[in-house]
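Shared between the two complexes below is subunit A, which has subunit B as its partner in the first and subunit C in the second.
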Partner chain A sequence: MADAACTAFAGKTPPRTWSRALLLTLPIALWSLFMSLRGLMQPDRSLQIASALTAAFLIALFFMMMKTSSTYRWRRWFFVALGVLFPIEFIHNVMVLRGSMGIPIEEMIAGRTPFCFLPIPLLILPAALTKTLVFPGSILPGGGMAGSGMAAMVGLWLAITLVVGKGWCSYACFFGGIEEGMAALPKKAQWKKLDPRLRLVPWAVLLAMVLLSLALFEPAYCMWLCPFKAVSEYVAARNTVGLVQNGIFVVLFAALVIVLPLLTKKRTQCTFLCPFGAFQSIFNKTSVFDIKIDRTVCSPCVLCQKSCPTMSLTDDSIKKGETLMSCMKCGACVDACPKGAAVWHIRGTQVAVKPERARLMFLYVAWAMAAMFGGTIITQGLATILQRVI
Partner chain B sequence: MKWPTSKLGYTAAGMTVLAAVLVPFLLMGLFTKGFTKLGLHVDEMYSGGPTVRTIQADGYTITIHKAVYPHLLQTEKPFVQLDWKPVSALPQHVSDAVDVDGDGQPDVRVSFDVPKDPKTPLRVDVDALNLRYQAMRNVGKPKFSELIVRLDDAILVRVPLTEH
Partner chain C sequence: MGGPFLLGEAFLLGLASGPACVASCGPVVVPSLLAEGAGWRLNARYLSSFLGTRFVGYLLFAAVAWELGALVSPPPAVRTLIYGGIHVLLGVVLLWYAHSIGRVCTHACAGSGLVSIGRVGKRGVSGAAVLGLLTGVSLCPPFVAAGLRAAQLSNIAAALLFFAVFFVATTLWFVPFVGLGCVRRNASVIFVARTAMILVALYYLLAGVAMLAGRRIYG
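Moving on to the complex of A and B:
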């Protein structure tokens, strides 16, 4: 029995005992409870219940990560919940405040357009050259759907990016969850051979959108290509151009967020379109955490490559023992590798020496951010549903 | 020779954990404040440009904004924004000759109805008394540079300028 266990977990961290897993979960449990305090102290009963449920959900998932030593499948529950609950809460708020998902021109003039993180790379050049933000929002809290304003979103993004880098796309992005959920549904991919050059498309989209935003002085991606406009809000169609824009949003959402993930088991919007994801890849170079392939153990079965939701592993990168810069540290490859050759790693340290320590340090950081940012969104989404039920 | 880089790596990882703890209490606020101190402003095509002066009318005011010009390939026309407020003090029909450039001569005559229901769409007529401004007939809100909208307690009219 002991031999069988050793073979099954060769090079991998075996499951932990309940007590040890609980002990390792304790810091995150305290953090999650602390993050949910604001909701728990509100007079609104739905919000209280939602805060408690969210904290329990996050703690339970982290506990399972500690207990089973696998990351991806537990993180996925959080990520899908985030992706599904965000539009529920957002659309509900928009309908209550405006009665429509279309942004009326009045709201844009008033600076009450909610600002998400996706246009951030598009704002940099116009801001640097003319000190102008080409987005119809407000810098400070602006009332209505403007929320906390652009400065707060940028501050939050900078702070989270500082600690998790490209991990943002796995632990903070509130859009990717829908396609990750879709990709999880089929047992096998129908389309297995995808041209690896498609991975470069987000960089081309990023370049095109940055230049277009500078030339047209508008957030070009939000105006023309964002698939998530279909489940958040869009420019109210006042003319044919508006209708075409909204048509593009719906087609892109249906294709890249629903159909292609079902066929390929990949996060196709993130892999083949998202310019923000491409931009965020730059911060993979500044992050202290990464994932390596231990070449001494690896027998290139390419299971890691197949499991990667963003095609961030190629034959060449596996030979080099590393992931591509688009790797978002979801942990799918580490979980999929039967030999434990794919490992969490801290830059500067030797590969496969104490990989579990690297995993733990990264997960504490990433899950703390997930609880702080994603946890709030999940709470709001749950509270919206509970308000309808209770 | 691996140990110094190894120590550096673990130190950096430890500092990252510390930074994560500080995100909600310090870093987020710090970055937010830093961003606001950059002196950036929202594109005036949306916000309408800074206020130049205010004209007092019968119980209400007309605020005149600085003219806004499009950047690079922006598809809008240059315009000037005029705000009538408060809406509650406006007559049922407004027809004001407005001196936009402050030279003592009226430049445009702006006419619109003020419906009681704030959700009723607005339409505006603008007669150009100065060639610098473009006339508009029965215009709603087709573009950022030519529109009439109700915003909280004000009615905003954007009059396009003739492009030279």
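Moving on to the complex of A and C:
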């Protein structure tokens, strides 16, 4: 009996007891409750309920991560909820403030465009060369609809990114959830053979958009290629060019966020387009956390490769015992590996020595960030729905 | 107007507006340079070719600007047509260039020559040269500023000299691009550079067609 148990969890952490899982969840529970305090203290009943539900949701998911030692499936619930509720909250706000999802050029000139993190890599060169921020938003708090200025957003992003690297794309990005949800729907992928060169397209988009942003003095990606404009804030079209811009947004959203994830079971927008993701990959070199493949245990069944939503594992990388730099640290490969060969790892330490400790350390940082960014958005989205229902 | 003073003015104007020139030409130069082979020598050859034809473009424009006087500040509709036409040409050439690189380089472009567009081999035209000429005659803001000044000069020789000195000063800002020769070229880098070229080309085509159709670029 004992032998059977050992075989079942060879190299993998067995499920924890309830009490131990609860104890490990305690820091995140306190943090989640702290984050929800602002909502709980508001007179708005919908916001109070939404805050309580969000805190409970985040705590429950983290508890399950601790109890089962599985990461990906629980994180996915959070991520999909974030991806779905963000547009609900955003569109509701835009409609209340402007009466339309379209942003007119006057609003952009007035610097009232809500800032998001996607154009961050596009701002660096113009800011360095000309001391100008090529984004039509406010650098100080009070600008945009979120109320937080660019300086606060960029500062927070940088601090977190230096620690978690591209983990940002799996725990804080409020765009990736829709495609991850879509990718989770089919049981099997219809398209299995994908050209591996397509993984390089985000780098090309990054290069082209950085150069065009510098030349045109505008965030070129936001103006021409962002698929999420289709579900957030499109161009208030006044001529054919505006219609073309909106057409590009809709086609890219439909193809990369809806159809291709259903066919491939991959996060296709993140893998084949997002320039911010490519930029974020660079910070995987600064992050202390990564995923390794323990070659002494690995029998190359390539289940990890199949499960990776961003094609960040190849035959070569598995042989080298590592992921590609595009790894988002979602934990899918670790959960999929039957032998426990795919492990969480802290740079500078030996591979597969106390990998669960590395996972815990990463998850505390990542989930605290998730509660701070995603928790607020989920609360607002839920409150928007509850206001309609109650 | 004193000669040295005029040359100094042209040089300072070029030096001051150099970053804007680099920013304006960056979407054309950087991906195409990365798509060529590696090494300082080849990159220097690319830049010589690009800057040489850019210089020809400058002089050509200076001659016309002086001859017509008002060409540099034509009515907005005409300016938009010129600008739109050059955008379309740039888009077409970049697409052709990206296609030619695909034909020439099956894996890494380790060849010693620059990529030609059109026929492969000695009969083709260097892509860098065509791009240099087109960026040389495009109406970017620093170029218009220099053109306005050149149009006020008393004779064509002075206008040409003004543009020549202006060109030399702006060229100094392009020298760091030789450093891209250090970037190791492999199939991945070539693919990224080619794809970036196609994206930039599509933007230029779209913007160019919109301008030719008399539409604002932003809806």
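Following the convention adopted for this analysis, the second predicted complex is superposed on the first by the 386 of 390 C-alpha atoms of A that agree within 3 Å, B and C clash if a C-alpha of one lies under 4 Å from a C-alpha of the other, contacts with A are read in each partner's own complex, and residues count from 1 in each chain.
The rule is short, and it goes like this: contacts are C-beta pairs under 8 Å (C-beta built on N, C-alpha and C of every residue); 3 or more make two chains touch, one makes a residue touch a chain.
None of these values were measured; they are calculated from a predicted model.
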Practice task
Figure out whether A:A215 sits in contact with subunit B (first) or subunit C (second), or with both, or with neither.
Solution key: both
Problem - Of subunit B and subunit C, the chain that contacts the larger number of subunit A residues - result: B
Practice task
Would you check which partner chain A:I282 touches, where first means subunit B only, second means subunit C only, and both and neither mean what they say?
Solution key: neither
Exercise for the section: Would you sort A:M369 into first (subunit B), second (subunit C), both or neither based on which partner it touches? Expected result: first
Practice task
Check the residue A:L97 against both partner chains and state whether it touches subunit B (first), subunit C (second), both, or neither.
Solution key: neither
Handout entry: Partner chain(s) touched by A:N246 [first = subunit B, second = subunit C, both, neither]
Key = second
Exercise for the section: Check the residue A:T130 against both partner chains and state whether it touches subunit B (first), subunit C (second), both, or neither. Expected result: both
Practice task
Determine, under the contact definition given at the top, whether A:L30 touches first (subunit B), second (subunit C), both, or neither.
Solution key: neither
Practice task
Classify the contacts of A:R238 with the two partner chains as first (subunit B alone), second (subunit C alone), both, or neither.
Solution key: both
Handout entry: Touching partner for A:V259 - first (subunit B), second (subunit C), both, neither
Key = neither
Practice task
Take the contacts of subunit A with subunit B and those with subunit C, and give the residues found in both.
Solution key: 105, 126, 130, 214-215, 238-239
Handout entry: subunit A - residues contacting subunit C, complex
Key = 105, 126, 129-130, 197, 200-201, 203-205, 207-209, 211-212, 214-215, 220, 223-224, 235-246
Practice task
Would you mind writing out the residues of subunit A in touch with subunit B in their complex?
Solution key: 35, 105-106, 108-111, 126-127, 130-140, 150-152, 154-156, 158-160, 162-164, 214-218, 238-239, 288-289, 346-350, 358, 361-362, 364-365, 368-369, 372
Exercise for the section: Within their complex, state which residues of subunit C touch subunit A. Expected result: 19, 23-27, 30-31, 34, 188, 191-197, 199-200, 203, 206, 210, 213, 215-219
Handout entry: Complex contacts: residues of subunit B adjacent to subunit A
Key = 2, 5-6, 8-10, 12-14, 16-17, 19-21, 23-24, 27-36, 38-48, 70-75, 141-142, 144, 147, 149-152, 156
